[in-house]
Amino acid sequence: MRRKKTATLLITCQDRKGLVAGISEFLFGHNANILHADQHQDGTLFLMRIEWDLEGFSLPVSEFARHFEPIARKFGMQWRISDSDSKKRMAIFVSRYDHCLVDLLYRHKSGELDCEIPLIIGNHPDTESIASFYGIPFHFVAVSPENKQEAESRQQDLLKRNGIDFVVLARYMQVLSADFVSKYKDRIINIHHSFLPAFHGAKPYHRAFERGVKLIGATAHYVTEILDEGPIIEQDVIRVSHRDAIEELIQKGRDLEKIVLSRAIRWHLENRVLVCGNKTVVFD
Amino acid sequence: MRRKKTATLLITCQDRKGLVAGISEFLFGHNANILHADQHQDGTLFLMRIEWDLEGFSLPVSEFARHFEPIARKFGMQWRISDSDSKKRMAIFVSRYDHCLVDLLYRHKSGELDCEIPLIIGNHPDTESIASFYGIPFHFVAVSPENKQEAESRQQDLLKRNGIDFVVLARYMQVLSADFVSKYKDRIINIHHSFLPAFHGAKPYHRAFERGVKLIGATAHYVTEILDEGPIIEQDVIRVSHRDAIEELIQKGRDLEKIVLSRAIRWHLENRVLVCGNKTVVFD
Amino acid sequence: MRRKKTATLLITCQDRKGLVAGISEFLFGHNANILHADQHQDGTLFLMRIEWDLEGFSLPVSEFARHFEPIARKFGMQWRISDSDSKKRMAIFVSRYDHCLVDLLYRHKSGELDCEIPLIIGNHPDTESIASFYGIPFHFVAVSPENKQEAESRQQDLLKRNGIDFVVLARYMQVLSADFVSKYKDRIINIHHSFLPAFHGAKPYHRAFERGVKLIGATAHYVTEILDEGPIIEQDVIRVSHRDAIEELIQKGRDLEKIVLSRAIRWHLENRVLVCGNKTVVFD
Amino acid sequence: MRRKKTATLLITCQDRKGLVAGISEFLFGHNANILHADQHQDGTLFLMRIEWDLEGFSLPVSEFARHFEPIARKFGMQWRISDSDSKKRMAIFVSRYDHCLVDLLYRHKSGELDCEIPLIIGNHPDTESIASFYGIPFHFVAVSPENKQEAESRQQDLLKRNGIDFVVLARYMQVLSADFVSKYKDRIINIHHSFLPAFHGAKPYHRAFERGVKLIGATAHYVTEILDEGPIIEQDVIRVSHRDAIEELIQKGRDLEKIVLSRAIRWHLENRVLVCGNKTVVFD
């Protein structure tokens, strides 16, 4: 699938009259052909995503900031721009459960995830072979209660040296420290195997089984300091019945986890997700 | 839709070899044509539902118990039989939110719910007109913290005098006392407007909105002493987004509530639901 | 639910640079506070929906056309404006199956459908009582192969005299003439009881049963001259199994039909639907 | 997941009183502990699936036929027995689209598909590397209009020499001859990328896009002589909108295809699927 070269602007600021007019005038003034524009009001907050064709756009993306800054200042905007040519760099953290990893690597290879994957970090050696099949460097970093701080510092070092933009926890069974999380605010995506806020914490499928729910779910969210409480990006569910033993719940859940996580990553890559308090706005 | 005259037997007991053979021999011995049979093992527990055509069955339903008792005793069964000719008698409790009530009354009239509705009990007078449109007696019983016990005794009196088999709380905004609940064990069905166990308790749509979930749900369950903790009969969800204000969540939720509650009632009427610990087995 | 007073502008034209800037400048120039704006490119076609708060807007809606016309002409726009104060007038056509009618009347009464319903036209007298319960005038117009033209002219006369904006066929079992349809282009909404294009034409549930599909569906669409071929507004499905006899398919389908039709009507009322060739764009 | 050793009996015959009793008496007589039993009436046809624990069962599976034959003859049964110890042997046919293949190989490796995969047959060489990663022999058989008969005879030869029980067409873009199909009646599973019967034949996503449907689907079915008309085993759908270009439809569809095909295979492996005319009964 050949993609157009585009730029995407994400904006958050206090709502004010003239915002949309100001932004679109600026873009039109530089000959932009707007492909998509979407906005949302959350209380007094204004959030916008606007994507335009770079063909014919008269401003090099590298000079965008300098020209846009006066408008941004006038309206008190938080903003960022991405262009489709500079691919985001994603790291994957994984433990022994490899279904999400395998799924992501195939999606990446088949062109569905438009990003670089400079490295995979595993705390079990088992997933090295699939990483190597897809030609992605794999780093084994053992994590134990004793060496946690040291392990994290090695992980962070790897992230830095590889210029990583964001981290995906693909069923990574370790809790990251508050310090780690704060360094990658809104840039760590986790997949939790329940329909949050139901069954947050450990062993959600076992607890879903015990409670006798008729649907099980999965939730992709940005990681915050408080476990399983970060802004939700995507969720989905599947029907289960009394016939499903815990093993079947886990098996059905794997399909959910793969799909929900990959959707969240795709939206993150396409700059569709804006965090707004403890919630997300996902522009579709 | 003309329905066959059938009998349905529900059985719970410790699993033992020869159970299925014993039951089917007994039925065959009385010339039953089995239409559906379904069973389930939950640990060491055996649960079964078996439905047969009453045409040609050589045993009057009224004499079934006497003949079946020796088998039931041998295997230590808890069992009950229903025949499709004797319709269950359902009471509906309702407050001001009338969407579930209106939905149930139409389903009843159109033949979808095969039961009697001898009465509706409301703690607001507003729903009397729709009850009267469908020709169902309506009883207004005001409930306040001061008169709760008295109100419940009036309600229970109405239930008794009308030979009520089970009660549906169709968005009835009052908590029934433990005493009331214990008298109708596994015979009070409530609709909760969230995907339990998420957002149990009050104002679930508001809390779903605040948490930023991407799906909202509804749950039909049998009422137990502990609020929103009873055995779940049915659940369903619908997708929401950041565009949905609380009003839209409530509106989307109404459709869920109507459908989930009506399914639970239909299954209860068709003797498809067996309570097993704090879970249900729903034979489909 | 108190709604803001808003105006909504729907635009279709050939895509050109400066469109969004031109429109938003115009609105900003008249002090509009834009609440939602959404756009779409379909090939070289540009489609837009923009909604703004009428509070503080300096142009009376009645004078909008005169001021906006120069811009519209410049870009070759097809456009229409609606304001939330002038409610659309909807007529409902119905036959003997009354589940969609009953559903729509309740939704209207509870404030979910923000429109006027000046009349219901039925070709069976059975639905008069529910119409009268909700205080909506009911007109019985018998239709037979012999009197079809005459019946349609009586129907059209009723529509005209009541200033009807659009017509809903709520399981109306008659095919309207090409002449009738052409007079209400993109203003007649039908509910078909299958997942179109599967099982177009008659008896879709019977044919779904025979084919052994595992899901059944319903489709709301604008009516065109060619039966069941008009632009699809909304569709949904529900799971069925070998256990479901045709009666159960019909029963499950009723819930689908009600929900799918009511969604389509709501989106039509909120000016979210733009027809584009034989497809629709539904701005959410 | 450790599985119990079980045997499963599938039965089809004309419905008659005493059938269930006859079968369960026979099993009880040989000390079977029945784990699941399910039955269905389709008109006058009786279909049954019964699974029991082999622990304690007094009859070796190899001698089952001889002992069961008198009962089978008495009731005119078509029947087959499978035991969980003798794994089915599955061949996968694939073209260039490899997403279903990759998905199946991972599910197989992770224990989700309890079968042998003695070989993969591809008419493009591209999928050899993934086959070899999972250690499955890959056979390249080029197919062209000129060599079709010869290619099929080579394929059939491979199937025979490998003792293949059933064939999965994992997006295999060739139509098998009537002769081939007849040799593997109810033993070739295909995945079609639409919600059949909508968009049977070629390029279903393109046609779904043109028709403007709001949901796309996938269908797994047994292959018959008539293209896309065989008995449906499983279907599912996903929501799409005007924002989805054909590429997105294809991408969303891939997830559907993988899940729908893998469910159908799992049910086939677990002896849950009985063909009944041109439909299936799937015992869950």
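Observations on the structure shown:
By written order: A, B, C and D. Residues from 1 in each chain.
Methods note: a contact is a pair of C-beta atoms (placed from the backbone, for glycine too) under 8 Å apart; a residue touches a chain by one contact, two chains touch by 3 or more.
Note that the structure is predicted; figures quoted are calculated from it, not measured.
Interface comparison, A-C versus C-D: the higher count of C-beta contacts falls to C-D.
At the interface between chain A and chain B, two copies of one sequence, more than half of the residue numbers in use are shared by both copies.
Each chain gets a centre from the mean of its Cα atoms; the one farthest from the centre of chain B is A. Note on chain placement: the centre of chain A and the centre of chain C lie 37 Å apart, centres being C-alpha means. A separation of 42 Å divides the Cα centre of chain C from that of chain D. Residue positions 241, 243, 284 of chain C each touch two or more of the other chains.
Those residues of chain B that touch chain D in the shared complex are 15, 17-22, 24-25, 27-28, 31-41, 56, 239. In the complex of the two chains, the chain A residues touching chain D come out as 1, 99, 102, 106, 110, 112, 129-130, 133, 241, 243, 247, 251, 255, 259, 284. Chain A meets chain B in the complex at residues 40, 42, 195-199, 211-215, 217, 231-237, 241-243, 276, 278-282, 284.
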